[in-house]
Amino acid sequence: MSQKITIGKLALLIASLSDEELQAFRSTLDDVAFCQGKVGSMNLQKVISAVETAAKRNRIIHDSLYRETHALYHAILEGIDGVTRGHPSIGEMSRTVGLRFSIVRGRPYKDPDEGEWIAVAFYGTIGAPVKGAEHETFGLGINHI
Amino acid sequence: MSQKITIGKLALLIASLSDEELQAFRSTLDDVAFCQGKVGSMNLQKVISAVETAAKRNRIIHDSLYRETHALYHAILEGIDGVTRGHPSIGEMSRTVGLRFSIVRGRPYKDPDEGEWIAVAFYGTIGAPVKGAEHETFGLGINHI
Amino acid sequence: MSQKITIGKLALLIASLSDEELQAFRSTLDDVAFCQGKVGSMNLQKVISAVETAAKRNRIIHDSLYRETHALYHAILEGIDGVTRGHPSIGEMSRTVGLRFSIVRGRPYKDPDEGEWIAVAFYGTIGAPVKGAEHETFGLGINHI
Amino acid sequence: MSQKITIGKLALLIASLSDEELQAFRSTLDDVAFCQGKVGSMNLQKVISAVETAAKRNRIIHDSLYRETHALYHAILEGIDGVTRGHPSIGEMSRTVGLRFSIVRGRPYKDPDEGEWIAVAFYGTIGAPVKGAEHETFGLGINHI
Amino acid sequence: MSQKITIGKLALLIASLSDEELQAFRSTLDDVAFCQGKVGSMNLQKVISAVETAAKRNRIIHDSLYRETHALYHAILEGIDGVTRGHPSIGEMSRTVGLRFSIVRGRPYKDPDEGEWIAVAFYGTIGAPVKGAEHETFGLGINHI
Amino acid sequence: MSQKITIGKLALLIASLSDEELQAFRSTLDDVAFCQGKVGSMNLQKVISAVETAAKRNRIIHDSLYRETHALYHAILEGIDGVTRGHPSIGEMSRTVGLRFSIVRGRPYKDPDEGEWIAVAFYGTIGAPVKGAEHETFGLGINHI
């Protein structure tokens, strides 16, 4: 891989590992900005908003620049494509999600002109709105920012 | 989570971690059957076949039972949905993938009647058919088997 | 066809034929478990729930096993793909459905190890939320269970 | 249902019933134009062409009018959505189909101004390119013509 | 192009040009029926209804014929596919639209037997539900009527 | 609209207007970089490549920066979503396209920090691979670059 920092892999580890498990990877997080959060909902709009709010509150993206909101939004949607496997819809399809998510911003490529990129990862469960009737799900979106 | 073994998380770690990084998680792999492989192609059919062949060669699924082939096939397709984010097509969309994949089969739920499930994970790059013009991608599919 | 019982064809006949028309096929229903129901809605979640509820109430699936709920859910979604032709959404797309549905569970294959499979069929109308402004629609989903 | 002739139901019966089974419905076919055919392929283009060719050869549609070709094409695609459940692709997704199809043209509505409509139905199997590793599939498309 | 009147191009110009800019094309509008309108919403159902209502109020389509409602509906959905790029959903995906739309009905082909066709175009913005956080979007749908 | 330059509208005009018709809009093109081209094919990969090649040859994007290739690629795909209305596939779906396309790069927003954005527009015909059996189609994609 021609990338020096794999922001996607970092995002998926932050979203899926426990704090203890993540210790081994802590040093690789020094060169990126990141945050994490949790959201459980039957409402896709709330899932998207939770990530956008976390990104702004933790200053991963510039609050007032649409350019950055746009880059993040499409990365979120690509992650949602993985979580929902084809149909970006939750409650309407009679299912619910319980997700941890992470956002990682950094410079993955050696060439400095490639600039900054953003990764959004989701890990958790998707299933019927009944406790335990669920299986794991994962999604990763990547965009230039 | 009501699951005792998270086969999806194991699959994503096997697909994305180096051998060295995976050491810390080795003991958790004792209770599942798994295999891994690599495939690079502009042809989606070859990606699907690579996973199916690995699953059969490593006896993760029963070669002669369509039931098991069917369970694996839909898990692969769900993983491909994550990799391709909505459009399960590679070369036709002028892009190529270089992927590591893993297949994990086990009993995730405490209730033994929930039986066996299978997880398929992909991690690698997707991009233009030009060296370096690519970013990371990930996909996870899960099914009962 | 290598199948001895075509559960999909049985499901489509139960969903679309009148009781009288179905008489000729009654004997072929002896080797399967099945039920039928009706649902009219602009809300996809209600359509999915109607099928799940009928399956549980008629003991076509095991109420407390997620494994069986999962198999049924994906069969329903595949049937909905046929009904909605690509976009699993009803009211949001300003359309409504009036559907009869059927669920058939049986052993389609000669090899007993292929085990049980489930078919879900929908037949009815889809159209504008105006009486008569509608045409026929059909969907069939099949899964191992 | 406000329709006097259910061309969709006729199409699905022609595509899925044996000649013997279809006898009971013969009289209802008097008021429509219809034809049937078979196609087995990993190539979606061949499936579409088989239906178009049958429609023209049997004079179900006007060979030289694009208007009629267009109406038929979209009905075929809607039927393919049911057959492929969301992703209109066969060989690229490492699967093959063996299908019987039917085309029915008639006047379903009581109001003569509603004019002619066309239905396309597919019934058969979809699965891995290995004999027996397949399950049933169905699709129905309807359009004004 | 074998068409004498490009109803799609006329629709896109009506939807996107100012009254002043449209002057240069006025004469080409003499041979078609058309109307225009505006709609801003996070609710896809409202967008679809706005176009349907405008079409009926301006007598572009026959109010009481389902045949014409059906032709228009599928043209609208094809236009929405362009606006939403793949996922016909707005508010649920945490985005909002502000759109001008146009409907053009005419006889595009030289051969009079090709009859009437309808074009629906949308032009405006799509983005986050925050003022200014949006970019342009466009969609065009065409159908025989 | 909070944009001072509507790059999407410029792209759609360049793709759809004749040279003569475009004269009236020439002055508005002074503040953007743009190019145009033509492509006819049953092969989606060729359509995508034609746009990428034109963008590089006309120096609309930086040849050696993946960041710019990535921004353009996603803008092209969004335009293709409009052209193909939901299924980014041409020949496999037994259809062909004849398209003019345009690429416009500029600074649409008043705030200089919003930086550069890119628009890709397609206008032409889609239809059966038979002369004249086709209707108009349009697609527009927009991305930050």
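Lettered A, B, C, D, E and F in written order, each chain numbered from 1.
Keep in mind that, in the parts below, a residue touches a chain if its C-beta (ideal position, glycine included) is under 8 Å from a C-beta of that chain, and two chains touch if they have at least 3 such contacts.
Labels paired with UniProt names: A, B, C, D, E, F = Hut operon positive regulatory protein.
Quick caveat: nothing in here was measured; it's all calculated off a predicted structure.
Because subunit C and subunit E carry the same sequence, their contact can be compared by residue number, and under half of the numbers here are used by both.
The two copies, subunit C and subunit F, are related by a rotation of 180°, based on C-alpha atoms and rounded to the nearest 5. Note on chain placement: the centre of subunit B and the centre of subunit C lie 30 Å apart, centres being C-alpha means. For the pair subunit A and subunit E, the distance between mean C-alpha positions equals 35 Å. Each of the following residues of subunit E touches two or more other chains: 66, 70, 86-87, 89, 92, 109, 132, 134-135. Looking at the complex, you find that subunit C touches subunit B at residues 65-67, 70-71, 74, 109, 111, 113-115, 144. Here subunit E touches subunit F in the complex through residues 1-3, 6-9, 12-13, 16, 21, 24-25, 78, 81-82, 85-86, 108-109, 117, 119, 121, 123, 125, 131-132, 134-142, going by the rule given at the top.
Against subunit C, the residues of subunit A that register as touching in their complex are 87, 89, 91-95, 127-128, 130, 132-135. Taken together, the subunit E residues at the contact with subunit C in this complex read 43-45, 48-49, 52, 66, 69-70, 73, 77, 88-89, 92.
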